[in-house]
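Think of it as A, B, C and D in the order they're written, each chain with its own count starting at 1.
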Amino acid sequence: MSDAEQFILTLDGVGKEYGRGRHRVTAVQPLDLRVDADVELGVIGESGSGKSTLARMMVGLETPSSGTIACNGRPLREWLSTRASRLEYRRRVQYVAQDTTSFDPRQTFYDAVSVPLRLLRGVRSEREIRSRLDAIADELSLDPALYSRQPHQVSGGQRQRFALARSLVVEPQLLICDEVVSALDVSVQGAVLNLIKRHVAEHHMGLIFVAHGLPAVTFISSNLMVMRQGEVVERGTVADVVTRPRHPYTQELLAAYASSSQKEGGRQ
Amino acid sequence: MRKITKAGGVVAIGAAIVLAVTGCTSAGNSNSNSNSNSATKKTSLTVAVAALPTSFDLDGAFGASNENYTMWSQTQIGLLNYKTKLENGVVVTDFTHFEGALADKDNPYTVSDDGQTYTFHLRKDVVSQAGNPLTAEDVRWSIERKLSDGGVGLTQVKAYFNNPDQMEVIDDHTIAFHLHNAGNDNVLLPVLTGQTGRIYDKVELLKHATPDDPWAVKWATQNTGWGFGPYTVSSMTQGQQIVLKANPKYVLGEPAFRTITMKVVPDSGTRAQLVSSGGVDVAEALAPADLATIAKSPKVQEPKVKNPIEFIDLSLVQNKAPFDDKTVRQAFFNAVPYKEIIDKVYSGFAVESSGWFTGTMNVPGLSTKPAYTYDVDKAKKLLAQAGKSSVDVTLSVPNNVPDVVDAAILIGSFAKKAGFNVTVNQLSPADFATGRLNHSFQSLLVANRVQIQYPSFVNNFFLPGDPSNSGDFQPTAEWNELFASAAAAGPQTSKEAAPYWQKINDFINDDASQIPILYKQPNQAYSKDLVNMTYRYDSTVDYSILKPAR
Amino acid sequence: MSAQFPDQTAALAVAPRRTGGTIRAVFAFVPLALVVAIAVLAPVIAPYDPVTSVAASRLPPSPEHWFGTDAVGMDILSRTIYGARIAVQFGVIVAVLSTIGGVLIGTFIGLSESSSGVLGLLGRGLNQISSYLLAIPDVILGIVVVGIMGSSDFALTVAITLCLVQAPVKLTRVEVLRVRRESYLESAKLAGESSFRAALVHVMPNSIGPAMRNMPLIFGNCVIILASLGFIGIGVKAPTPEWGYMISSGLSSLVLGRWWPAVFPAAAVLLSVLAIAYSSRAIPRMWPLLAVRVKRWNPIGRKARA
Amino acid sequence: MRTTIRDRYRANRWWILRLVRLPVDIFVFATIAFFLIRLLPGDPVAVAVASRNEAVTPETVAAVRAQMGLDGSIWEQLLHFWGGLFRGNLGDSLQTSIPVVTEVFSRLPSTLELILLGLLGAFVACLVLGFVYVRFANPLLRRAVRFYSSFATTVPVFVVAIFLIVLFYVVLAWLPAPLGRAAGTLPVVTGFPILDEIITGSWSMLGETLVAYIMPVAAMVITYTPNLLTQLIGGLDRELEQTTTRFQVAAGAPRRWIFVSLFRRSLPSVIVVFGLFFGSLIGGAVTIESLFGFGGIGQLGVRSVQTVDFPALQGFLIIVVTVCLIAMLVVDLINMALDPRRRPGIEEASR
């Protein structure tokens, strides 16, 4: 029990199925996972491999069809049952999605990014909010003037950084990034990855980084989990997996990357 | 381009009419492309009407609309007709003289010496629209039907005729009516002449009788061909049009126009425009303002008569405060702007009212002085007498008669100066009828007509319980005595009786409870290509006597 | 981006830099203010009493009577001006009531109808009732409601609102069904917003577009229904100057060339609805500005502390 | 085998359930209508009695009431009404004694024809203007389209119709008088005038009818297009900003393909307006029909209200609502077909 309490996230036999009968589709096969504050876990897999579903289950956007997720030993269901504990959970675990529509088109970034500060961190004074937003903008190399813009008025890279800002101002113990760089130009990708890596290191956050691109994952995380059709086919340290892939799929994946030194997919 | 389109339209319409006519004779819709050589005599009429009739049988009808009256008049006929006289090119009903219709033309009936037996002599060789010969039994059965539950009843004459046993079929073409009593107030003849006196083809109707419906009322409300009138209905498209076909065996001679197409054009202005542009031959039920607008059109003629019988009737209900006070009622009648209403609302298509008795009744020397005139000072004085300076009045009107609504609004506008704050309460016809029947209104304005122009018949409007008695008049001893002495004085048209009728008229006017405030002119417009415009007791156009001008 | 697609810079120009946006939005309400001003100042502007017969009937427009006179000799100009009062009174009240009501109900239905439990049942029930009401012709529904409640201005308002609230309900519901799939709602959830707050701050503002575009339509419909009810005898009582009644009673003479009794009130309806339409289009633009204000005055931090 | 059927049912449940619910809806509504109508203040017996010129006694009223079939308690009447409803018999009109079903269905098709023509015209006009709006970048043109769309129901349809009549009949005399569909007797086979004229080969009459339709249909198109257009433009504006569109453009998709995709995504709100419209269109048809002398369902409604003809009003309401419910059902189904996410139950299935 005390063992489980120290982990931010504990997944026991967590799996996810969609549909019924003949239309049943297994998105994630039951898996176990322990995530701690010092873990940097990369999850990699092709589209439809269940990696996003896994990430979304961890923050309660999807409900697992089997198994339990617990945070510091307390089941996620309980965390989400009352308002106060739900907010507490959000303070501990944050999730950033691929940006395209994650901002209300009618809100300015200032409004959007200040909301978690107010609601989760209880910051009330406008000046305090300003200074925190400026700080995070500075950290993410964002021009604070952009805060008064609306989502359609900035570039994709900027929007993605605002999405990060919105999660990072909360200063969570664990940050889950779901394909945050896939839609970005390669040049911007590097910058954003650097920002995440630096911030996570500085603030001692745990990180789960979901992507379908191998370079990004190997760059940012120390551990790696390879998924295919809902199944975890390989897990270990980056060095282990890259140098000694056991599963044929992983080998295939690595071979593909080796042949084209830098290949970037577009959208999923 | 324009002319071609128009000419094309005319050809198309002509062709369509030809098609329609041929379609009537041969049921199948043959594609005969007959040439439109309609240069010969015009035998069809197009009429713009406001609505279609809801029932072809008065006895089974729950609605007496003008359209229903028109249809009953065209498809049926009774024993008698009123004689007519030509007045400014209008064939006007003479309400005091009769001639035979189904009865013999010159010798329609004989009266026994005691005045209690009327013997009618029917024409021979008359056949109904269905082809059955007319017999005295048809007459007897028709009257019995009216007296039965399913019929409209003959309430106006029930004092002396209320039982089928009072009829005696003497032979196939003679029938006698034995009355309980005789009297000068006899309205038997007018009742038998008007809408209530139609004679039906018993043989044809009984074919459609059922145990539930022994008088075939249900069938007759939706079908024609069981009367003796000039037309039958050849087709009806609900809400759109009705086509009448002439009855070639019509007893008074086949009508000049063999096909009458009545098109529903709900808007009065459009109907007026159609007749003035030649789009239709006759337009019915025109608003007075529209009549005035097209009066000068070169293609239009409009009937105007000296003594119209349709009126607007203002009732101040006697059992509702403040109109329980006769002085207040008189004050209000002095606050009604009669001339303004005739000028503004009716554009001159109305005449002033001297009360219930009109010139058509032929009462000699009856006063034609208006019953009341607009006199604010007098109204104020009367109000002061009643101890009031300002009175709130709710004037209820049916909203489907625009001129009545406008008249009410005008009354409100002018009566204000005399201290009456009038609220015009517009109600749907149903709500209006309900309120009128339940006597729940304080005052009301309604369009009406007296179809039987006998002074004594006016008594009908003042009977307790009659829906027409909207002023809630309760007959007093004085009233009954006045009526009795007028009836005793002799026939209405006699000099002896005249002063008594004048007294009754003055009594009603002074009572100031229910008085016609004006009489409306006929509301039809005809093409100038027609002669024999009519003004009848039911205000309908008599299509059977209408003829082309040349 | 190829030329046939809209230029995004146009959207940028309208971007709410706060003060500029506010001024713009305020300007958009000038036409509405004009209509309201005419309604309020009617006694000052109108040359004659609107319910008194002041001249011969059916006079064409002249220097004495700019808009001519009607069937009983009342001045049409004065009646048209006073008509603004009735129209504004009913139109605005009904449009605002049914748009607000419709957006609230539509949002509720859209968010709840596919969920289980009491809320879902309530949502589906409301949706069904709304479908029934939508299917009854307005005038008939009006007659029934006024018939039951008795004729009064309040009954009329309720009746017309009941007729017209259905459109915003359905329009909003469809939008909500779209918006609730948007991922920014997830983001809001992760940022700690409650679903109630999310409905208020994100779902509703992003779903009100069609309902807002529908608002001038409600105003126009309100005038028409009011007129139809008047025609059937349960509307505003004549001779109260009401545009719809004026049009319907003046229609008949149009074909005969007497155009003024119907055309002027019709033009009044047209202009006032256009004014309202113009102003109502500014409302969605105003929304974010308003939202910012509301947030300033009512900091959420207080709630978060609890 | 059994699972196949069940699965097929599951996949199609969204429309099967809607179809099955329709008769239930109609029954529930019919019952509501039955009670609503009896709350009206007018009394049909009073109307009937008032139009007969005779003295009214309580006995007369009772006799007429019995004759009209309005005696007995309201529950007896309701049972009677339900009995008729299941047999498709809505009673006879008190005014004309014609079965209400006959009365309504002899008028409904012509009204539907007019409405459908108007709607179709408005839909086509809306698509054309929407296309113009997207295709041409000319700001003046786009402003004009926007301006026109802002007219949404500002002008009552009868006002437009009146102006058309004044212009094209009274002033220019280009079009014939508003005197109904055609001279003579219209053939009746299906009740839809144009269809009947084609079936019976009454070509000259068909020509007349088509000419007679120009003004009313034009009035409806002019009036109703902005309502659809507002929704379409709103949708187009929104969709144009969507990444999907940008992506398609960026991906160099054929222009026609982009347009189709754009319109497909913008149409749902337009189609919803269709559904919203239908009830009010039947109401609005009253004015058009009366102006052009067409005759149709509207007049029946007004007549039965004015005379508180219970059976006719009941039947009118039930049939009109049924037609509207069917129209809405079709709209919903089309919408769900266009966008499967809107299907109820799809959510549980995907969870």
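Quick note on the criterion: a contact is a pair of C-beta atoms (placed from the backbone, for glycine too) under 8 Å apart; a residue touches a chain by one contact, two chains touch by 3 or more.
Treat the numbers as computed from the prediction; the structure is a model and nothing was measured.
Trainee: Please indicate which chain is farthest from chain D, where distance is taken between mean Cα coordinates of the chains.
Mentor: It is A whose centre lies farthest from that of chain D.
Trainee: Would you mind checking which chain's mean C-alpha position lies nearest the centre of all protein C-alpha atoms?
Mentor: Looking at where each chain's C-alpha mean falls, the closest to the middle is D.
Trainee: Please tell me the distance, in whole Å, between the geometric centres of chain A and chain D computed from their C-alpha atoms.
Mentor: Roughly 52 Å, centre to centre.
Trainee: Roughly how many whole angstrom separate the Cα centroids of chain A and chain B?
Mentor: Each chain reduced to its C-alpha mean, chain A and chain B end up 88 Å apart.
Trainee: Calculate how many whole Å lie between the centre of chain B and the centre of chain D, each centre taken as the average of the chain's C-alpha atoms.
Mentor: Those two chain centres are 39 Å apart.
Trainee: I'd like to verify one number: the distance from the centre of chain A to the centre of chain C, where each centre is the average of its C-alpha atoms, in whole angstrom.
Mentor: 45
Trainee: Where in chain C do residues touch at least two different other chains?
Mentor: 8, 11, 232, 251, 254-255, 257
Trainee: Indicate the residues of chain D shared as contacts by at least two other chains.
Mentor: Chain D, residues with two or more chain partners: 40-41, 165, 170, 241, 305-306.
Trainee: Two-or-more-chain contact residues of chain B, please, as numbers and ranges.
Mentor: 267, 270, 273, 428, 431
Trainee: Mind pulling up the chain D residues that touch chain C in the complex?
Mentor: Touching chain C from chain D are residues 25, 28-29, 32, 36-37, 39-41, 134-137, 150-156, 158-159, 162, 165-166, 169-170, 227, 230-231, 234, 237-238, 240-241, 245-246, 249-250, 255, 268-269, 272-273, 275-276, 278-280, 282-283, 286, 301-302, 305-306, 317, 320-321, 324-325, 328, 335, 341-342, 344-345, 347-348.
Trainee: Would you pull the chain C residues touching chain D in the complex into a rising list?
Mentor: Touching chain D: residues 1-8, 11, 113-114, 128, 131-132, 134-140, 143-144, 147-148, 166-167, 170-171, 174-175, 177, 181, 209-210, 213-214, 216-217, 220-221, 223-224, 227-228, 232, 247, 251, 254-255, 257, 259, 262, 266, 269-270, 273-274, 277-278, 281 of chain C.
Trainee: Which of the residues in chain C end up touching chain A in this complex?
Mentor: Against chain A, chain C makes touches at 8, 11-12, 15, 17-18, 182-184, 186-194, 201-202, 205-206, 287-288, 291-292, 295, 299-305.
Trainee: Would you tell me which residues of chain D are touching chain B in their complex?
Mentor: These residues of chain D touch chain B: 40-44, 46-57, 63-64, 67-68, 94-98, 103, 106-107, 110, 165, 170, 172-174, 176-188, 200-202, 204-205, 207-208, 211, 289-291, 293-296, 299-300, 303, 305-308.
Trainee: List the residues on chain A that touch chain C in their complex, please.
Mentor: 59, 61, 83, 86-87, 90, 94-95, 97, 100-108, 111-112, 115-116, 118-124, 148-150, 152-153, 163, 166-167, 170
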